[in-house]
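Following are the structures in question.
Both of the next two complexes hold chain A, though its partner changes from chain B to chain C.
The block that comes next holds the complex of A and B.
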């Protein structure tokens, strides 16, 4: 006997509650985890969620991490609404970083205002082009973008590895796989002395505003949503399915590419193998946790950034392994997907004895 | 079709085969069955008559064990039983032929039947039994054929034979004739009468009054989840049965003449198309012409190219420019959006998921096809305009709903259809293509929709209607053509043809040699 039955209409309150339930369950299971490791959950959560925010630098780091997560998630959400699943934003981020970093390396030593804007533009184009490949494969050969975007993410990783081990390796870097350190004209200037938060955050903020307007008001976003909810209705209305694919993948590639430049021209300051701690993948969770809504994504991005910081703090203060961050991210997504089932379904009441 | 059934000659009627008392089933938003009483004698063909949503299907599912009643008793051959699941029902001797078949396309007939048996089997022996049973009851069927190569009528035979193999004492058929051509209906009735004479009771669910009158010994009429009467159909008139079914007189459409000039608006020439779907039907050299002020009807059983023709007309599939033209302009190469701009409106068969986006509000659904009516400006949505458009549509076309903010999927089939038809009409089309206008729609809404289409045509719009319901086509159309096996017959004025002629054409238009025993191949996927 199935436990669930379909709701007559999807529950709006459940849609908003699901992220909160997922967070609650993650905390509950996290407590059990800490207990089994012999740590006090109260202390552990203090380290995880309070300590990172107890200093100005902590808030700066929160913004440094939230920026790329939010930026990428905004782009992904456009595609997810249309059921175009780009899960290779990590690859588009790397290609954006490579394109932007390439500009920085090419113009190393040039002290001009246009170096940084050029890097940003190159990064956006690099990411967008990397997103355009799966779009072409999908529209020309009907290759599923779920597979192609992920595979191209690995290709991008190898491309980065090749470049920093080969052509772009720093000649004075003692054979480490990394490029030269970028000069000041190729870097975002930190806003505060000794902190890393910088103007690249404005890109994420502007993107959030733009995507909020785009998704709530534009006819194009309406067409994307219809294509996701009811593909046959989109065909009936004469909306182009190919355009949906192109727009979704190129836009999400573009935002991921921008995030990539933000990293290499910001906290990282060069090309190396650690330019992203998995932002492209974590942004998928951010997009869903934020209900594919521009404002929700901002909140979800902040939470996910806090998880990154908390994970780092837990490594130092509690001697927990680095995998703790991934574990919490995974639990969050797992419980969110579980809770989302109850948007469209509800528990079936126990069958009453029939024919009483 | 108006012959009355042979006199009832079953075993003595004192012990009912099936007796239901006080069956009640509540769903969160509706009481589907409210204290239902029903009695079927051995060998009796008993009609359960009612509109869509009257609760017939729920009641049958309760008898078949697929749904559990909240209250009430079931007596089977005089003994009280609890039917916990369909397997239990089959053990008791209850078989059911569903409206929508559950067959695997890539398996053979005998493999499909084997899958549904509750007992062990050997395929070879089973194939022999299938042949034997199918011959005995006049249901010719080759056990080794793959299901995807069977016509819809043949698929239904598979379902019936599957039930008969288990020697049922009660057979339930849910709207069995909706997929059959008129000659195939007559053959089915012969089979059912033979079963009845052998003592098998039959519960026959339908809303087609003339079928019930020619086949059934008795009838239980349902409305709004309750039994509103029992009757002996042969002693009733269609009007009196309809009154019981809908609670008032059967509405009749007014069909005035068209005064304007009947110039051609929508024309199709030399349209051939082979679909990508391997189980689809290829269109062969279709030609038709719809003029101002008329309704052209296309009859035929779904799966004979209806879906392909509709897609070619709407622009969901495109082809050479010259194949379709609108007011003299070739549009065969244009997609659905561009054809709409040229004045073509389209009402698809599937309302939810195609004609409307299920979770979106009616206001948002107005934008789906009516975005050219000022609902979008400079690439931006105009929610207020969409709201006002939806509101006007709701008022003008009597859509019963919670207002422009109501989700499309919260509407009943009839009300959603009124909204979609209204939305298309409000775009002031010069031609309109409508598929299955009243499919699954209650009688009141169906009459409203038919009258709306007639009135629209008399205002000078060219209308093409594709429907499986022959009576509907004869009621509203000026000319009728038949689509069978991907070919379209010439359209004939309604006065020069009749249901029998059309029915013969439906069962194999150009294949005279074996027209009597064969329905067109290939069902809709």
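The block that comes next holds the complex of A and C.
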């Protein structure tokens, strides 16, 4: 006996409530988890969500992490609206970091204002090209982008490993797989003494504005959505489904590439194997949690950044494993998908007993 | 040359084993119309469940594989409730399952980091393992690799030769029609999805308790995704899946034998080969739209409610 029935029209309020329900359920299950580990949930959530924000540096770190998450998620959302599933943003991030880092290494010692802008441009191009490959494979050969983007993400990690173990390894780095430390001309200057937040945050802010404008104001965005949801209808109306694929994947590659440069020219300061703590994958959750909406994504990105910070704090203060962040991320997405069902469906009222 | 080739071929069969288990499971689920992109997550959960059971029971893979199957099936159950009972988007649920599996396996696995297990000795098939070349390649494998081949035979037989196979395929091709003649579509899809999860879990447990009996975070390393790609490559045909798994098994272990075979390429390029090869085979198979359409289960990925 099915418990659900379709709503006559999708519920708008449920669409907005679903992320809040998902967060609530994640916290509830999280409490049980903390209890089972012998920790007080109140104390644990204090460490997770309050403690990281109790200092100026905490807020700076929040922005450092939220920036790339928001930036990548804005790009992904364009594709997700059109049902183009780029799940390899992590690879495009790495390729952006490699391209940008390559510029920094090539112009090491050059003290000029243009080094950093050139790195940013290179990073954007690197990410966009890595996104263009699955676009080509999809439009030309019909290969599903879900699998190709992810496979190329693995390839990107090996490319990074090759470069920092080989051609770009720091000769004085004691054989560690890492490049030289970038000089000041190749780094974003921190805004505040002793904190890491820097101008790369402006890229995420600008992207959020641009995508908000793009999705709410432009006809092209509408065409993109139709091209993905109903390719046949789109063709009939003269919009190209191929263009949807290309724009979605290249744009999301570009934003991921920018995020990659932001990391190597910011908090990381060099190329090494730990340039991203899984931002490319976490951004998928950010995009959905933010309802594929530019403003929603900013809020969701801040929450996800807090989850990363909280995980780090919990590791120090409660001796909990850092993997707990990944566990919370997965639960959050599950609960969100579950709550989202009620956008289109509602519980069926129990049938009234029939009296003769 | 031959003395280098024998370990390569023998290693290929072992490296293909997790792909065979996970791929067969996904193939059966997809034949009933369910596309579960969470294979990677289910394999990881199976791997950590299997490792934990093997480590605590002291019986190695004998306890590890069943525990992996249960872990994988439980993970698949979450997916099934969301995507089958609640008709949520299958692609998104599968992705969520993978992200969840990565987190959960790392969380549980941190107790076992750098803990190692005894593994499983190869099992010689009496008589046959003495045959030159063929013997050491085919009949000097661990028991689970033989079990993988038996599973292939079982799935092949059920899908091609039995009434159950017909019902499974009918549910995938025409759920409305199957429902109309009285088959419980949702229950059958549940069963196929749980079977897929159990098989992925066995594949994961094989990796953690037999293939490299040592806990490493994220040790499945994309094999779950390769298994999903293999099902497409196989055009939903178990025999082609087996061949594909062997092909990928060979590509996977090339990096360990490159020196002996005289291949002088950067180790990272060799390690990236399975992923590059996945892209290449996807392109080759997908470009023929007609072939794909002909074999694609008609209701694949579409939510269905009675």
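Rule of thumb we're sticking to: the second predicted complex is superposed on the first by the 351 of 356 C-alpha atoms of A that agree within 3 Å, B and C clash if a C-alpha of one lies under 4 Å from a C-alpha of the other, contacts with A are read in each partner's own complex, and residues count from 1 in each chain.
The rule is simple: a contact is a pair of C-beta atoms (placed from the backbone, for glycine too) under 8 Å apart; a residue touches a chain by one contact, two chains touch by 3 or more.
A quick note: this is a predicted structure, and the numbers were derived from the prediction, not measured.
Asker: A:220 in the overlay: touching chain B, chain C, both, or neither? Say first, second, both or neither.
Answerer: Once the two structures are laid over each other on A, A:220 reaches chain B alone.
Asker: Could you tell me if A:239 is touching chain B, chain C, both of them or neither one (first, second, both, neither)?
Answerer: In the superposition, A:239 contacts chain B only.
Asker: By residue count, which of the two partners contacts chain A more extensively, chain B or chain C?
Answerer: Counting residues of chain A touched by each partner, the higher count goes to C.
Asker: Go through the superposed model and pick first if A:284 touches only chain B, second if only chain C, both, or neither.
Answerer: In the superposed model, A:284 contacts chain C only, not chain B.
Asker: Check whether A:292 is in contact with chain B, with chain C, with both or with neither, and answer first, second, both or neither.
Answerer: neither
Asker: According to the stated criteria, A:146 is in contact with first (chain B), second (chain C), both, or neither; which is it?
Answerer: The second partner, chain C, only.
Asker: Across the complex, what residues on chain A touch chain B?
Answerer: Going by the criterion above, the answer is residues 8-10, 217-220, 222, 226, 229-230, 232-233, 235-240, 351-352, 354-356.
Asker: Using the touch definition from the top, list the residues of chain A that touch chain C in their complex.
Answerer: Residue positions touching the partner: 2-4, 85, 87, 137, 141-144, 146-148, 150-152, 154-155, 158-159, 161-162, 165-166, 281, 284-285, 288, 321, 323-331, 333-334, 337-338, 340-341, 345.
Asker: Which part of chain B faces chain A closely enough to touch in the complex?
Answerer: Within the complex, chain B contacts chain A at residues 28-29, 68-74, 80, 82, 314-316, 335-340, 346, 348, 350, 353-360, 364, 367-369, 371, 376, 379-381, 407, 409-410.
Asker: For a test of understanding, state which residues of chain C touch chain A in their complex under the given definition.
Answerer: 37, 41, 78, 82, 85-89, 91-93, 95-97, 99-104, 106-107, 109-110, 217, 221-222, 225, 228-229, 232, 266, 268-269, 271-272, 275-276, 278-279, 282-283, 286-287, 289, 292, 305-306
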